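So the structure is just underneath, and the comments pick up after that.
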Amino acid sequence: MIIAQQKQIKEIAAMVSDCKKVALIGCAGCVTVCLSGGEKETEIMAAALRIMRKLEGNPVETITFTATRQCDPEYVEALDGVVKDADAIISLACGVGVQYLAERFDKWVVPALDTNFIGGSKVHGVWEEKCGMCGDCVLHKTGGICPIIRCSKSILNGPCGGSQYGKCEISKDVDCAWQLIYDRMKSLGKLDKLMAIQPPKDWTKSRDGGPRRAVREDVMIG
Amino acid sequence: MENAVETIQASKLNPKFRERVAGLLKNYDFAQCLTCGMCTAGCPYSDIHENNDPRKFLRKINLGMEEEVFADPYIWYCTMCERCTIECPMGINMAVVTRTMRGQFDKDKIPGYMQTIAREHIESGNQMNVGQVDYEETLEWIQDEMREELEDPEFTIPLNKKGAKYFYGFNARDIKIYANELQTTLKIFYAAGIDYTISTKRWDATNISLFTGHNDDFNAISQPIWEEFIKLGCEQFIVTECGHAFRSMKWGQRMFWKGEMFPIRHILELLNELVKEGKLKLDPEAITELVTYHDPCNTARKEGVWEAPRELAKSFIKNFVDMNPNGKMNYCCGAGGGGMAMPEFNEKRKAKGKRKVDQVVETGAEIVIVPCHNCIDQFNDLNKWYPDTKGKSKNMHMCTLMERALILPEKE
Amino acid sequence: MVGAGIAGIQASLDLAESGYYVYLVESTTAIGGTMPMLDKTFPTNDCSMCILSPKLVECGRHLNIKILTSSDVQEVAGEPGNFNVKIRQRPRFVDANKCTGCGSCSEECPIKVDDEFNQDLGKRKAIYKLYAQAYPNAYAIDKAKCLRIKNPKACGKCLKACQADAINFEMAEETIDLNVGAIVLSPGFEKFDASALFYYGYGKFPNVLTSLEFERVLSASGPFQGHMVRPYDGKEPKKIAWIQCVGSRNTKEKHGYCSSVCCMYAIKEAVIAKEHSHEPLETTIFFMDMRTFGKGFEKYYDRARDEKGVRFVRSRIYEVTEKNDESKNLIIRYSNEDGTISTEEFDMVVLSVGLQPSKSVMELGEKLGLDMNQYGFADTQKLTGVNSSKPGIYVSGAFCGPKDIPETVMQASAAAGASASLLAESRGTKVTEKEYPAEKDVSGQDPRIGVFVCHCGVNIGSVVNVPGVVEMAKGLPNVVYSGEYLYVCSQDSQNTMRQIVEENGLNRVVVASCSPRTHKPLFQETMMEAGVNRYLFEMANIRDQCSWVHQNEPDKATEKAKDLVKMMVAKSALLSPIHQPSVDVTKAAMIIGGGVSGMNSALSLADQGYKVYLVEKADSLGGIARRIKQGFRGEDVQEYLAELIDKVKANSLIELFTGTEVQDVKGFVGNFKSTLSNGAQIQHGVVIIAIGGEEYLPTEYLYGKNNRVMTQLEMEEAMTAGDSRFDQAKNIVMIQCVGSREPERGYCSRVCCTKSIKLAIKAKDKNPDANVFILYRDIRSYGFFEDMYTEARRKGVIFIRYSVEQKPLVEEAGGKLMITVTDHVLGQPVVIEADILGLAAAKLASRDNKKMNSLFKVPLNEDGFFLEAHMKLRPVDFASEGIFMAGLAHGPKNLEENISQAKAAAGRAGVILSKSKLESHGVTAVVQPDKCAACLTCVRLCPYGAPKVRNYAAEIESVLCQGCGSCAGECPNKAITLQGYNDRMYMSMVNGLCKEVL
Amino acid sequence: MRLQYATNIRIVEMTCSGNIDHRVILNAFEEGADGVFVAGCMEGDCHFLKGNIRARKRVNAVKKLLDEIGIGGDRLEMYNLSSAQGGRFAEIANDITAKIKDLGPNPLFKNSSCCGCSCSKEGGDQ
């Protein structure tokens, strides 16, 4: 899932410092699971905002609502009534949500979170990046360990030779992805598959090809 | 610790040794020792000099280290004062263990001259080998002295008096060295007007074999005096102010006397009774010094006599102060277990006595009542060895002090 | 049930909950026994009252438990199933039903008496309550001390003071005849009278205290409010010494046994004293063997020594003397192990007094004709755990031997289990279920709140202006009735309340009076009698939180009382009825493990009339007991085992699965569905895990490399097989703590010391010429096993203590096995050519514990044994309901203790199986599925495993939910709310506080 | 024991301190409370095993937030005490009342103080 974390309350307040009425929209999707944008965090942020602004002698009225998701038009349309007389909208969703709201409403929409990475929870309260969204997955070649995102240099024919005791040269807390790949393939008895030299990666499938679309004719309605 | 590093070979341990010792001890069971250290702390001397820790000695027996047990000088250092195990949770009695171990030695291997005393006592009937003639002449001499002192020409020491209420057994020292003390006692008896007798055949109630551990000698020494008591048909056997004599008579009677039982009482119990019954008058103003009282182990801890002497003392001494600890828990004078009769251990005896010196000095007493011939010799040595501390106070028997306060009955 | 200490209370609760009517006979004026006197209890350092008070209230209010205080058993006649018991009840002179425990009477009472509950350190009045949280919460008059009873014209001050007119001087002694089926005796113990050992100076030196007195000094409800001071001069001690074995392990005082609990309570008192002391406190414990053999005890000892700095000196104290100066400090001259002497001064000495049967307890034993052992404790029949010598009469707690609280509670549950088995047919016949009128459906109605404000005699009325509060309440939103009462909790006020609720059609009630902890269940009962759901009720505590604590600020207190009522009315408006969902119970049990524990649990449950599925991994029953020849009391274990196996096979209610394991488990308490490795599917309501333990195969001391070296069990097997080596042996050596009390296994295996002693005695008897050595760190022959230790020493077994730093050296030299160890007394090395070396190997948790851990999601402790729900409250239960444990799987223990624990587990399991329906207890958490993002936060957080994710949303099993609300507080999308205590209510309470009254 | 303590405390009973939510605390300040303290059981004594430890984490988070938004984190405290420590509760009540008095009224109501009360959330532990 998408992992995101809250910006500082001061920073968020600054974005809407001139607004009298603000809508805070939470998202019950990924950001609830990673504990940063669910209904609980939305109402906490609203309370904090109200208290700050009241202390500054410039009180603000807040409306709070948590959408099921902010990345589907229908759920965003459902917010029309909620945000209609708000001067600004603070979205507690990932970057996608913020942009959907911006697309939908001609109001000042600001992000409350910084969207960090795609990953999963290691232990409750700790999340780790696992996928770099390169659009051309090579995991079948490396025993299920992604060199693009977990090797600092994203090289395809590693290791680069800088690793020590299985740790990456950039930091002794970061595992060398290729050490992990080597160990994994060895335990699976597929070391020979690693011998093949990988050609340079076709980055057009990734970000470098500009923003991407995914189309499924078979399921399109109407 | 002389053999601290020496290794114990389990092969040399003799498991049978424990049975043998247990056999000798009949009902005293020492094997269930918990090695808990209570006795080591209770023994006043376990930290004064080496080889005086009861726990270590008993451990050697329990391990079956036969040679080391008999080579251990503890056997002769221990004063058999029983303070260590008076409250032993496992009911062990170290004094009995020590005495039994001593009994295993051949008679010629017993240190000091204890065995000589025993032999002489068996031959002469008293522990200082006083001849019959000397004995009778001394009595006569005392009798004349008393006639003069009491201005009572008719006064006679009741000798061999059949059917007398009290049979007085005392210590050969009262004849050989301190006849005056016997005189004092008889004067007190005279003042109380009690019906007593002294035998000319057997009169010495002491028994050195209490410390040598040889029961054959013990019986040879004590059976005759008990028989003499029965022959004279007396009612109560009164023992002089002597710890080991009192213990020998009481313990011996319990262990060995087969005849009909008869009461054996300490002289201080009798005198206290006489004072309470008014038969004996003592002037409470006579003694002005600060007086304290020493509990001989054989009298107090082992035979339970410590209240009566205090009651007696307080009846005629104005300022009396008790030592700390006292009574049943009092410290030994350091010369118990035949210590006086083993000169080769005098250094140890002197070191042990220091604890008693500190005790006496702490009370600040000028007079120490020492109701035991054995202890009083030690106390006098202590005065010599520690002149500027113990030396400041005098030691005397209770009777000697009583004499100073004695009120003789008016002559009709 | 004779004796209402923790044992009596636990046994009564287990039996009452299993459908039996219980008479609880207590000789003092309140239930609780010794536990309320304790400050904290080992090994968890829980505050003793926090553990006991839930049980006190539950037992006190239980419909099917009749408490007879100030009562003693006179006579017992009849046979099991039909006993006639004559009880003598001494007059209390106060009607316990009328007395509300308000205490005005004792304020007036002029007579001050030594308070024996406070070990005579504090004072109490002639009219007194045994202790603050006593149950029944009523006063009693001390006949011997009260002036009025001696002379009817004197005093009578309490009569005037009591507004509930509960005092009645005409009360006389009564005899009550009871007809009961079974009797459980747990009258407890008495502490050893320390003054008997004159040389410790108790009673002579004011700074020598007994451990129980020190417990009162430490206790927050004690005479010094928990300030750790010397009763003598009130000064804070800087140096305290504890002296162990005072009145225990002392054949001279005819107390040759070990009291089993003093080592642990001494350590606890030292640790707690350090916490209470402002400046650093020096604590020293003088002991012989540190006997911390129970579960988690060894770690407790290590922590006290290594982290808390408690000093341990291995020396039994000869005497305590007093410094003759003003301080009256104490001097202890003690010997160190090497024979050197030390003398130290202490501010205070605490004597760890042992436990002994009291005179009244011994009389009770004689009256009932029970066999008592040489020390006056009740003798339990061999291999039964709880049976006394008389059938139908069971014993538990310190009455049959000194034991700590966890084992007492376990034995109480076992006694309850045994009684339940005996009276299986009459289950449910005598108990009364309370019927309530049909509950009115108030869901649609607007809130109609009734406010009942109490005076509580003078306790509230004298400080808070009650009429003012009543007046204010009338103005609050949704309030339709507001009234005041002298004692709202009294019987007649309750009847009036019921009428008012019915007449005014109230659907919410707020009572402003005292603490909900003691009185909420009482008022909820009245609500149900008025046909209103009991969760539509709230209490404002205007006594303990208001009038009692603001006595000299009456108007501020009145202001606060008004606020508290405002808050509760605001919350009350948001309350909604809660219907406790219930699940039905499959009347069958699955027991995993066919060893002695498993079989005993199976038989006990079958005797209670329940179906049992006994699943044993091995091909035959018996477990580790197959390798044990003789029990600690000389029982023939193999014969017992054979009998047991026959009984299990013969029992029609027990279905046996040998060579089978549990493959998978589904469901929850009352509704488990398990699949076995042979494909069988079984439905059951409870599970008892009794998979036993294993003997550690040592890597040390040349085990496995020299055939002379064997473990204890192997040694016993060799001996019974008549191995000739034992007869010709010159030296037989045993080494204790092999694998136990080590960094990687930080626990004591508890049974090896007694086992080694047993084997040593047998070896010595067979071959007196041999030297038999036991090399040990601490001999832990606790309880009556100490007599065996004494017998071993008497027979010449040589015990040598080794230290962790200098373990025995075992080498092979020229085909010979040479062992070198330093004798702890002589300090000399002893070299032994051993013919046989027996190792007291540790007892390990079974390898399958890990499997059970994943199958049932039951936690393990760091040593791999199962972690019980609470060492004292629920020692044989797991945290999640319906799953129990017994035997070595819980921790190392001997055969007798395993049997007792097996019966306890069966007793506890029987409580659940006896119920037709299992109700959750109301306040549980509920998930709104549509708001749930299935983020697993609640699943990870809940200690009871109540939430599970099913079809993409979390669902909380209400029967498992204990109602703590942690998940509700943490849920990122506010999908979980706790019924009766949700965020909106908390916020409305604060808002109600700050809004002006209409 | 009837120990006396400051009258400014209003207690809200909860099933366990673990049930406390950030918003309930923030709401208290918004509604006019000058100070809030959460009382939970001794660590390790919690009948629900870890409730009070979760509460401690949440209270610390809210303290940080209160500093950021200007109310000041020291107006919020958490205390661990057992139900037997009546004395300790009175001590806390008096300490926190004094501390809040020093800090002055709730900044949100500097001019018109609503009812000048300082409420406290007591996490009832039974």
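To keep things simple, chains are lettered A, B, C and D as they appear, and every chain counts its residues starting from 1.
One rule holds for everything that comes next: a residue touches a chain if its C-beta (ideal position, glycine included) is under 8 Å from a C-beta of that chain, and two chains touch if they have at least 3 such contacts.
Because the structure is predicted, anything quoted here is derived from the model rather than measured.
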Consider the two chain pairs A-D and C-D; indicate the one with the greater count of contacting C-beta pairs. C-D
The chain whose mean C-alpha position lies nearest the overall protein Cα centroid is chain C
What whole-number Å value describes the gap between the mean CA coordinates of subunit C and subunit D? 32
What is the distance, in whole Å, between the centres of subunit A and subunit D, each centre taken as the mean of its C-alpha atoms? 36
Chain centre separation in whole Å, for subunit D relative to subunit B (CA means): 77
For subunit B and subunit C, what's the span in angstrom between their mean Cα positions? 58
Would you please write down the residue numbers of subunit A that are in contact with two or more other chains? 40, 43
Multi-partner residues of subunit D (each touching 2 or more other chains): 21, 23, 27
Considering subunit B alone, which of its residues make contact with at least two other chains? none
Classify the inter-chain contact topology: is it line, ring, star, complete, or other? other
Partner subunit C, residues of subunit D touching it in the complex: 1-5, 7, 9-16, 18-21, 23-24, 27-28, 31-33, 42, 44-45, 47-51, 54-55, 58, 82-87, 90, 114-115, 117, 119, 121, 126
Under the definition above, what is the set of subunit B residues touching subunit C in their complex? 1, 3-11, 13, 15-16, 18-19, 29, 31-42, 46-47, 53, 55-56, 59-60, 62-64, 87-91, 324-325, 329
Sites on subunit C touched by subunit A in the complex: 931, 933-937, 940-941, 971-974
What residues on subunit D touch subunit A, complex-wise? 21-23, 26-27, 29-30, 65, 68-71, 107-108
In the complex formed with subunit D, which residues of subunit C make contact? 44-47, 49-50, 53-54, 132, 219-221, 225-226, 516-517, 541, 545, 548-553, 556-557, 559-560, 563-564, 567, 879, 923, 941, 943, 962-966, 968-970, 978, 981, 983, 986-987, 989-991, 993-994
